[in-house]
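Below: one structure in structure tokens.
Letters A, B, C and D mark the chains as written, and numbering starts fresh at 1 in each.
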Amino acid sequence: MIRRKRVFEILERGMPGDTLSIVVDYGIILIIVLNIVAVIISSFNDLPVLLTRGLSIFEYLSIGIFTLEYGLRLWTAPYKYPSRRFPYLRYILSFMALIDLCAILPFYLPFIVGVDLRVLRILRLFRLLRILKLNRYNNAVELIAQVFKGEKEKILTTVFMTGVMLLLAASVMYYVENAAQPDKFPNIIATLWWAVATLTTVGYGDVYPITHIGKVLSGLIAILGIGLVALPAGIISSGFIKAISKEEQARQEAVPKTSSPGAKQVCPHCGKEIE
Amino acid sequence: MIRRKRVFEILERGMPGDTLSIVVDYGIILIIVLNIVAVIISSFNDLPVLLTRGLSIFEYLSIGIFTLEYGLRLWTAPYKYPSRRFPYLRYILSFMALIDLCAILPFYLPFIVGVDLRVLRILRLFRLLRILKLNRYNNAVELIAQVFKGEKEKILTTVFMTGVMLLLAASVMYYVENAAQPDKFPNIIATLWWAVATLTTVGYGDVYPITHIGKVLSGLIAILGIGLVALPAGIISSGFIKAISKEEQARQEAVPKTSSPGAKQVCPHCGKEIE
Amino acid sequence: MIRRKRVFEILERGMPGDTLSIVVDYGIILIIVLNIVAVIISSFNDLPVLLTRGLSIFEYLSIGIFTLEYGLRLWTAPYKYPSRRFPYLRYILSFMALIDLCAILPFYLPFIVGVDLRVLRILRLFRLLRILKLNRYNNAVELIAQVFKGEKEKILTTVFMTGVMLLLAASVMYYVENAAQPDKFPNIIATLWWAVATLTTVGYGDVYPITHIGKVLSGLIAILGIGLVALPAGIISSGFIKAISKEEQARQEAVPKTSSPGAKQVCPHCGKEIE
Amino acid sequence: MIRRKRVFEILERGMPGDTLSIVVDYGIILIIVLNIVAVIISSFNDLPVLLTRGLSIFEYLSIGIFTLEYGLRLWTAPYKYPSRRFPYLRYILSFMALIDLCAILPFYLPFIVGVDLRVLRILRLFRLLRILKLNRYNNAVELIAQVFKGEKEKILTTVFMTGVMLLLAASVMYYVENAAQPDKFPNIIATLWWAVATLTTVGYGDVYPITHIGKVLSGLIAILGIGLVALPAGIISSGFIKAISKEEQARQEAVPKTSSPGAKQVCPHCGKEIE
């Protein structure tokens, strides 16, 4: 069983000195980036036949590599979740594995069911999500993800409140502007387009009120939009500060008890434990 | 009087295990969401007669349910405010009850007075505010509301300062641009539309200065607009951090020493307790 | 000299119970608000002659009152700055007194020198600044002003960095877009209009790049614009938190030393001292 | 060797009383500002011949002065980095020295290689970066730079996530809108222009979706754009607060106990000291 452990080590982030593992890490990143370039290139019109064929071959190749990677990661799942039950299922349902599956599954789908080509095209875009794999190699991502997870409830409430505000604004605006501009504010759903453009302060300029009441309402929504930016900024700020003070506390508590066995100290610079 | 208490329990957020109460909670949410869908659908043109009739029946039904709910909540008010005086009046004047009343009152109004149909239409929109009832089932809303309440003074000052800034910008811009674009900057009130669009950085593009001084002024206002976003963001950030540190302090103080009874000091100016 | 002290008390924020002082406070606020309304109304075209005459009389009246107020405040300056030297000069050079002077001075100027009517019109706008007097009656304004004062250096640096960024962006964009759109990007100064609209994310839509390099550059500037919002938000956040923690510290230090004479305690709710 | 030390003192920020050093500091700032003015003026069309010649002479002069300054700073580098090895190389590779080199190098380049005049023009713009030299005279800049350096990892992650979001949004939008507006959404790269304008909430209004799915997607991206502003705001906020609390801690620890010599612990992983 030594081999399976070695495969796991190679797939995980390479430890310094483990050249093969590091090469595999960067190799996978390279293929992901090349895949994105291929998606972008294939969106251009009038590509030469040779390039189209090359992109097609590259696609087959990279799908093969990603399928192999997915299989190996599944095979080595017991090493990823050593002390828990159902490691294979746990891996399949993890966020990163689901993205990986989305990136390779649309390729195999047409062989199974006869899907519309246009739908497949959109599904193929999930390939771009492979780039999130790059984040697996980053510590800051985890901290940001942790802050978002910790503030999840507040963020969802903000999103919900935004939705309510958008609906209310669109409903009132529909009654106010419908008579003056029936083509731009035909119903509440269409008016949501104006509401989003105003509340987020994008303001494309294709739809805007022309009546006096409509302008007053639009101004109020735009000012509320500022509060909408301020609220998540405040939530995320406090989330980061919470995370920092927790770290700080952990460090302060770690100092007096250094003599007790099992109290591992963490370097504030690199975040690794000091044995 | 056991029955009235049971009705109160059912109307309040359902405790785990109290199936009936939970079913009632989700049932009311469902009716609210369906009502919003009905408002949205009825804003479309050329609806089939059958659908219009269906929406009308659904409206009668849901108004009936909401009236019943309002009545029962009023009836069980003494259980909501057990130790205070005037529980019925207290309920009627609570924020949530006023929203509930606004949602059902416009339906009964035309039976009392002959109101213009268009005004009634706008009043009917308050029905959308029913969705705020959903928030009653959410803890994060209360924290956010608490932060806004705690920072109320600062937020109002920011709003006031924004108003002053808007007025000043509009007044100066009127004198600067009026000669060049008399149709877009006809008076100070109309110029406020430009001021709001610029300060909130929405920038629809329907009104913008064309003179040199006007452009300089517009640029300054836009840069001030950034400060305008930063100020509430800072206020709300500090509000959340205050709330967190209070929580933290309460937890730390709870462990080592319990406060002696009667030790609380009262401010002679405002009569509130000093922690 | 008792009378001069009484006049000072009346002009300052009225203490509870001092009816005359409170009436004077609100009376002045009312006249300021009415003045702003008058400025707004007089910006409309085709006003009836009677209204124009009324506004003119009201202007004479309010200028009279404000001149009297200014004079009295100057007369009672020794009570405002009791222990300092040159109280009269100190008052004249204070921020609020300068605004007050700007509000009344343009009225007396044409009697002294023959000024162009259009310049006078713009000068008259400083009347709007009188509204800032309202803030004199607000505690939160002082906290916000204190935070801005405390973070002055950082804010000025941000403003300076913004200026540099704008200049750099405009200069590069001029060289990039000048050939393609010579009418919209004629020189660096004119290109600053695009730079401000993009960096502040206003985006009116009257000027935008059409070349490929110009679009890339514009995208980079817009993304930098996000950082530009984030930086002052962070500065002001930390400023508020600093102010809060100072307060917190002051309160904590105030508790153990309550027995010592002269250690005045402040109520955290209303901010007043407890004797 | 006393002279070289004196030259170093003069070039560094002048100490109070050292008149010559202060004069040199402000003289260099003046030349930098005049250079920027010259760049701006030379971007205007139809300048009189005399002015063009004057600007040219001024350019030769200031390049001479800046070259001299660069040479003297290089010469006095051993005083800037007294205890470290390779002081000259260290100076050449420092951020400020690289900017200084970029400001003077393009002037000497045409004498060496035959470069296209248009490329040279763009290179000449680096002259504007000289203004960053002004920051050398500012304390707040260093704090801001420190915060950005401390939060570098998180900021880069945010930038990276923004890039991924832009790519994903542009890719999906291309497939959604390409059929309806082939001229505005011709390929994924061109669609990035829409993605940037929406995510940063600039919204010029030259490109926006017209299909229903496209509008929904655009709305979602605009709302995500709000989160994009909130995230760096939170990161920078926490960075400033970290910097403040460190300062605070340092002050508090400085008073009661001085650290014993040699008590500093070093992390075995990264070799940095642990405070």
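Here are some notes:
In the analysis below, contacts are C-beta pairs under 8 Å (C-beta built on N, C-alpha and C of every residue); 3 or more make two chains touch, one makes a residue touch a chain.
Small disclaimer: the values here were computed from a predicted structure and weren't measured.
Contact with both chain B and chain C is made by A, D. Look at the contact of chain A with chain D and you find different residues on each copy: under half of the numbers used there are shared.
Matching residue numbers shows that A-B is the pair in A-B, A-C or B-D whose interface repeats B-C, with more than half of the contact pairs in common. Across the two candidate interfaces, C-D and A-C, the one carrying more C-beta contacts is C-D. Inter-chain spacing, taken between the CA centroids of chain C and chain D, is 31 Å.
Remark: chain A and chain D have CA centroids separated by 29 Å (rounded to whole angstrom). The distance from the centre of chain A to the centre of chain C, with each centre set as the mean of the Cα atoms, comes to 42 Å. In chain A, the residues that touch at least two other chains are 197, 201-205, 229, 233-235, 237-238, 241. On the side of chain C, the complex with chain A involves touching residues 201-205, 229, 233-234, 237. Note for the complex: chain B touches chain A at residues 36, 39-40, 43-45, 121-122, 125, 128-129, 131-132, 134-135, 138-141, 143-144, 147, 159, 162, 192-193, 196-197, 200-206, 228-229, 232-233, 235-237, 239-241, 243-244, 248. Residues 153-154, 156-158, 160-161, 164, 167-168, 171-172, 174-175, 186-189, 197-198, 201-205, 208, 215, 218-219, 222-223, 225-227, 229-231, 233-235, 237-238, 241-242, 245, 267-270, 272, 274-275 of chain D are the ones touching chain A in the complex.
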